[in-house]
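Below you'll find the structures, each written out as C-alpha cells.
The following pair of complexes shares a single chain, subunit A, combined with subunit B in the former and subunit C in the latter.
Then we have the complex of A and B:
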C-alpha cells in the first residue's frame, strides 16, 4: 500500500514518498514523531480525504505538502516539483484549520490582497473578488473588517481566499469546522463542483460524514502512520449484503417478498423503511422555511 | 518581474495599512508630538530666544528622532515575527511570494512610515523656529542672534595637520638611546606616549608665544557671509584662569600688524569673526595666529581637543541643510528597520526585540569606545582564565567590527551638525545612502530573506 504504482496512467499531483516529520526541541532532540514513513499519492481530479483523530498527523501532512514544514526524511513533490516551490504554489489554494487572516482588512481587501500576491491583474482581481464574495455569501459583509466576523463567516472568507487564484490543487483543512449545516452543504457542493472541473482537492477532517459524502479516496492516519488507504466505496462496501429499495410497496407485498427471500436465501431478510439523514432533513426544513412555505411543523412529517 | 513589483507594493501597502489600522502610527505620532511640544516647554535653558531655538534644534530634534528610531526598530521586529506567531504568515507563505519580496516589502512599508514621521518632525521644528522669529516679544537683536547663530549653515574646516614626525623620531631616539627604559616596553608604546606629549605641547601657547594654524580652503570655496573662527581655549590654570591675547588673520600675521585682542576665562566655545580680505586668498589658504600676551611665567593658553579650533565658512541655507540631515537620519532608520526585520525572521517577537535592541546598543557603545581607545576594552585579562579571555576577545572583536561598520555614517552626526549650524554635505548624504540606506539593509535583507525562505512557518 505504501509504495506507488509505477504503472499509474496520470502523473500524481501530490506525491509523498516515505515522509517522516519529527519535531525537535530547542536542543534539536527529537520531541514528537508527527508523521512516520508516510507514502501517498493524489491524482488529478481526485477528492482525497485525510482522516484521523486529533494529533494523528493530518495537519502536519498538509503543511508538509505546502512547504510550511520540512520533511525530516522522505520526499514531497507537488506537480512534480519539491514542496513549497514558488511555481507550484501559484497553482495551489489553501484553507487552514483556523482563520489566519489579517483582522484589520475588510473581506474585499482580504481577497484583493491575496489576489495581488498571485499577480492577478486589476480587472481579474475585481472580477474574482466579486464572484467569490457571491459564492460564499458575503456580499453584504464585503466591507466589514474580517476581525468582526463570526467563525462561520471567517471560514467562508478563508475558503474564498483559497480559491482566488482558481487553483488546480485545493487543500482544505477542516473546511466545515464552524459552519452551520447550510454552510457545510454549500462547502461539500463546492468541493464536488471543483472535482467536476478537474481540480484536485485534498481534504482533512475528522467529520467522517463530510468525507464520506465528497471524497473519492481516503487515507486514515493514526499516530502519524498510514492505517488504511483506498477508494471510499471500495473501503466501505459490504459485499456480503445486498439491499433492495422498492417504492410504494404495500405491507402485504412486502411480506410476500420477505417470505420469498427467506426461502431463497435461507435467512431472515431485514425489511424496514429507509430514513433520510438528519442533514438532509434539516436542509429541507430550512429551505422550505426560506421559501415561506406554510403548513404544519415538520416534526413527524413523512418524506418520500 | 512585474509580478514581483506588484507583490512588493502589495506587502509594503499592507505594512502601512496595518500600522494605520492597528493605531501604531497614531501612537507614534502622539509620542512625537508630545516630545516636539513637551520638551521645549519643559527645558527652558536660560530663557532667551536664542536658547529656546537651540533647545528646539538640539534636544527636541534629537529626542524625537531617537523616539522614532525606537519605534521603527520595535515595529520592524513585530512586522515578521508577530505575523508568524499570529499565523497570518502561513497564508502568505503558501502564495508564490519569495522571501526577499516579503522582507523588502515590509522594509519599504516601514520606511514609508518613518519618512512621513521624520518629515513631520522636520516641519514642526522648522515651523516652531520660524514662529519664534515672528514672536512680537522679541527685539531685533534676539532675531538677529537667531538668524546669525541658529539659522546658519557653515562649512567647517579643520586646521592643516602638522607634521610632527621629525620631532617624534628625535625624541623617541633620545629616550631609547638613554637606555633607562624598563624591559618589555615596546617602541610602539613609547612612540604613542611621546606623540601625545608632543601634541599636548603644541596645543599650548605659552606667554609671549604665538601659535599659527593654517586652513586649506576647498577648491572654489567662497564665503557666503561673514566667516568666523570657532575655538575652545582654556588656561593652564583650568577654567578659572584668564588669558589675554591677540588674534591675527590672513596676510596680517605679522606681530606688528593690528590684531583682535581677546581675554577669556573658562572653556566655552567662542567665535571670532574673521576680517574681510583674510578669506579667499589666491593661494587657497587662510592662516590664523594667536599670541599669548600674558606676562612671562604667568598663564599658558591651551587649545586642546578635537574641536579646539575650526574655521567656519557660511554656505547654503538652513532648510536644505535640515533636509539633508533628515535624509541621513532616514537612512540610519533604514538600517535599524533592516536590523529589526532580520532579527524577526530569526527569532520570536520578544527575542527578536531583545536581540535587535542589544545589537543597536552594542553598535552605539562600540562607536563610543572606538572614539576613546584608552577607555574601552579589558586590561588584557591576565587574571582571567583562557576561556574567559577568549570570550572577552570575541566580544571586543564583535563590538569593534560593529563599531567600525557604523563609524563612517555615525561620524556624520547629522543632528549635531544641524544644531551646531554645520553643513551636512551632499557627499555625507551619499555615504549615508550607500552604507546605511543600501549596503547594510542589503546585507541584512539577504540574511533575512534567506532565513525566511527556509524557516518552518508552520511550526509556530
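Then we have the complex of A and C:
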C-alpha cells in the first residue's frame, strides 16, 4: 500500500516517500515524532482527504509538502520537484488551518497583495480580486480590515487568497472550520468544481462527513503513521450487506417484501424510510427562507 | 523581475505593518518631543547649550531609533513566524531570501522616515538653544522660543490631523507617523523666516549644517542594527531576540573599552572585537566641538563600515532563514 506504483497512468502531483518528521527541542533532542515513515501519493484531478484526530500529523504533512517544514527523513516531491521549490509553489494554493492574515489590510488589499506575489499584472489582479470576493461572498466587506472579520469571514478570505493564482494544486487545511452550514456547502461545492476543472485538491479535516462528501481518496493518520489509504467507496462499502431503495409507499406491499426477504435470507431485514441528512434539511429551510417563502416552520413529518 | 515585484510588495507591507503599530508611533513622537524639550529645560549648560542640545538630539535619535529598528525587526519576522502570516506568504512562490530582504527593506524605510523627523528636530533643537549671536540682525544671547513652541506643537498637530483624517477612514497610526516627519520639516522651513529672537528677517534657515553628517551617521547605524535584529529573529522568538539586540548594542558600545586594549595582543580578542559592531564609529558628535567638522573621509569610512556590517548581518540572516522551519 505504501510503495508507489510505477505503472500508474498519470504522474503523481504529490509524492511522499518514507517521510519522517521529528520535532526537536532547543538541545536538538527528539521531542515529538509528528510523522513516521509516511508514503502517499496524490494524482492529478483527485480530491484527496487527509484524516486523523488532533495531533495525528495532518498539518505537519501539509507543511512538509509546502516546504515550510523540512522532512527529517524521506523525500517529498511536488509536481516532480523537491518540496518548497518556488517554481512549483506558483502552481499551489494553500489555505492554512487558521486564516493567517495581515490584520491591517482590507479584504481587497489582502487579495491584491497576494496577487502581487504571483506577479499578476494590475488588470488581472483587479479581475481576480473581484471574482474571488464574489465567489466567497465578501463583496460587501471588501473594504473592511480583515482584523475585524469573524472567523467564518476570515476563512472565506483565506480561501480566496488560496485561489488567487488559479492553482493546479489546492491544499486546504480544515477549510470548513468556523463556517456556517451554508458556507460549508459552498466550500464543498467549490472543491467539487475544482476537481471538475482537473485540479488536484488535498483536504485535511477531522469532519468526516465533509471528507466523505467530496473526497475520491483518503488517508487516515494516527500518531503520525498511515493507518488506512484508498478510495472512499472501497473503504466504506460493506460487501456483506445489500440495500434496496424502492419507490413504494404501500405498507402492505413493504411488509410482504420484508417477509419474502426474511424467508430467503433467514434473518430479519431492516425496513425504514430513507431520510435526508441534517445539512440538506438545514440548507433547504434556509434557501426557502431566503426566497421569502411564507408558511409554517418545517416540523418533522410536515416537511414536503 | 517577479522577485523585484515581490520584494517591493513585501517591503511595502512590512513598512505599513510597522507604522501601524502604536509603539512605533509613540517612540517616534517621544523622540521629537524629547529633542524639542532639551534646549528649553537645560538647567546647567556649562556654557555650551548648543552642544548639549545637539548631543541630546543625536542621543535621542540613536536611542529611539534603535528601539524602533529593534522592535519593528523583531515584530515583523519573529511575530510573523509565530503568528503564521510568514507561512501563508512562503507557501506562495516567494523565496525565503526575498522574504527576508523585503523585511529589511521595509524596516529600513521606517527608520529612514523616523530619522527625517529626528534629524530635523535635532537641527531645530540646536537652533533653539540659548546662544550668543553676533550678526547684522541680532547681537546678544537669545533662545528661539517661537521655533521651540512650533517644534513641540508639531507632534500634536500631526496627531490632530491624523485624527481628523481618521474620520474619513484613513488609519490613524500610519498617517500620524507620516505627519510626524512632515511637521518638524515644515517647522524647519518656516523658521527660516525669523531670526532666533523671533523677529522677521530675510529667509535663512539659521541651523548648524555641520550637524547633518553626524545625523547621517546616526541614521546609518539604524539599518545596521535592524539587520542584526532580523538575523537574530530568524531563529529566536521575540523576547529572546530583543534581549539579544540589547546585548549586541551594549557589547558594541563597550567593546572599544573592554576589548580594545586586549585586541592588539590576543587573536581571540581581536576576532571578537572585529565581530562585535562598533557603534562608536557612528557617533562623531564630539568632532563638532569647538567649531570642528566631520571630515568627508571619516563620514564615508563610517558609512562603508555600516554598509559592510549590514550586508554581513543580512547574509548570515539569509543563510539562517533558508533552513528555518516556519510552523506558525
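Rule of thumb we're sticking to: the second predicted complex is superposed on the first by the 299 of 304 C-alpha atoms of A that agree within 3 Å, B and C clash if a C-alpha of one lies under 4 Å from a C-alpha of the other, contacts with A are read in each partner's own complex, and residues count from 1 in each chain.
What we mean here is this: a residue touches a chain if its C-beta (ideal position, glycine included) is under 8 Å from a C-beta of that chain, and two chains touch if they have at least 3 such contacts.
These figures come from a predicted structure and were not determined experimentally.
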Combined model on subunit A: subunit C and subunit B, fit or clash: clash
Would you sort A:290 into first (subunit B), second (subunit C), both or neither based on which partner it touches? neither
According to the stated criteria, A:251 is in contact with first (subunit B), second (subunit C), both, or neither; which is it? neither
For A:117 in the superposed arrangement: first (subunit B), second (subunit C), both or neither? both
When the two structures are overlaid on chain A, which partner does A:198 contact: first (subunit B), second (subunit C), both, or neither? neither
For A:161, select first, second, both or neither according to whether it touches subunit B, subunit C, the two together, or no partner. both
Colliding region between subunit C and subunit B, picked from 217-225, 325-333 or 379-387 after the shared-chain fit: 325-333
In subunit A, both subunit B and subunit C touch residues 63, 66-70, 86-87, 89-90, 92, 94, 96, 98, 100-102, 104-105, 113-114, 116-119, 161
Show which residues of subunit B lie in contact with subunit A when the two form their complex. 2-3, 6-7, 10, 14, 17-18, 21-22, 86-88, 90-98, 456-459
In the complex, subunit C residues that touch subunit A: 1-2, 5-6, 9-10, 13, 16-17, 20, 83-85, 87-95, 171, 323, 325-328
Mind listing the subunit A positions that touch subunit C in their complex? 63, 66-70, 86-90, 92, 94, 96, 98, 100-102, 104-105, 113-114, 116-119, 161, 165
In the complex, the residues of subunit A that touch subunit B are 23, 63, 66-70, 86-87, 89-90, 92, 94, 96, 98, 100-102, 104-105, 113-114, 116-119, 161
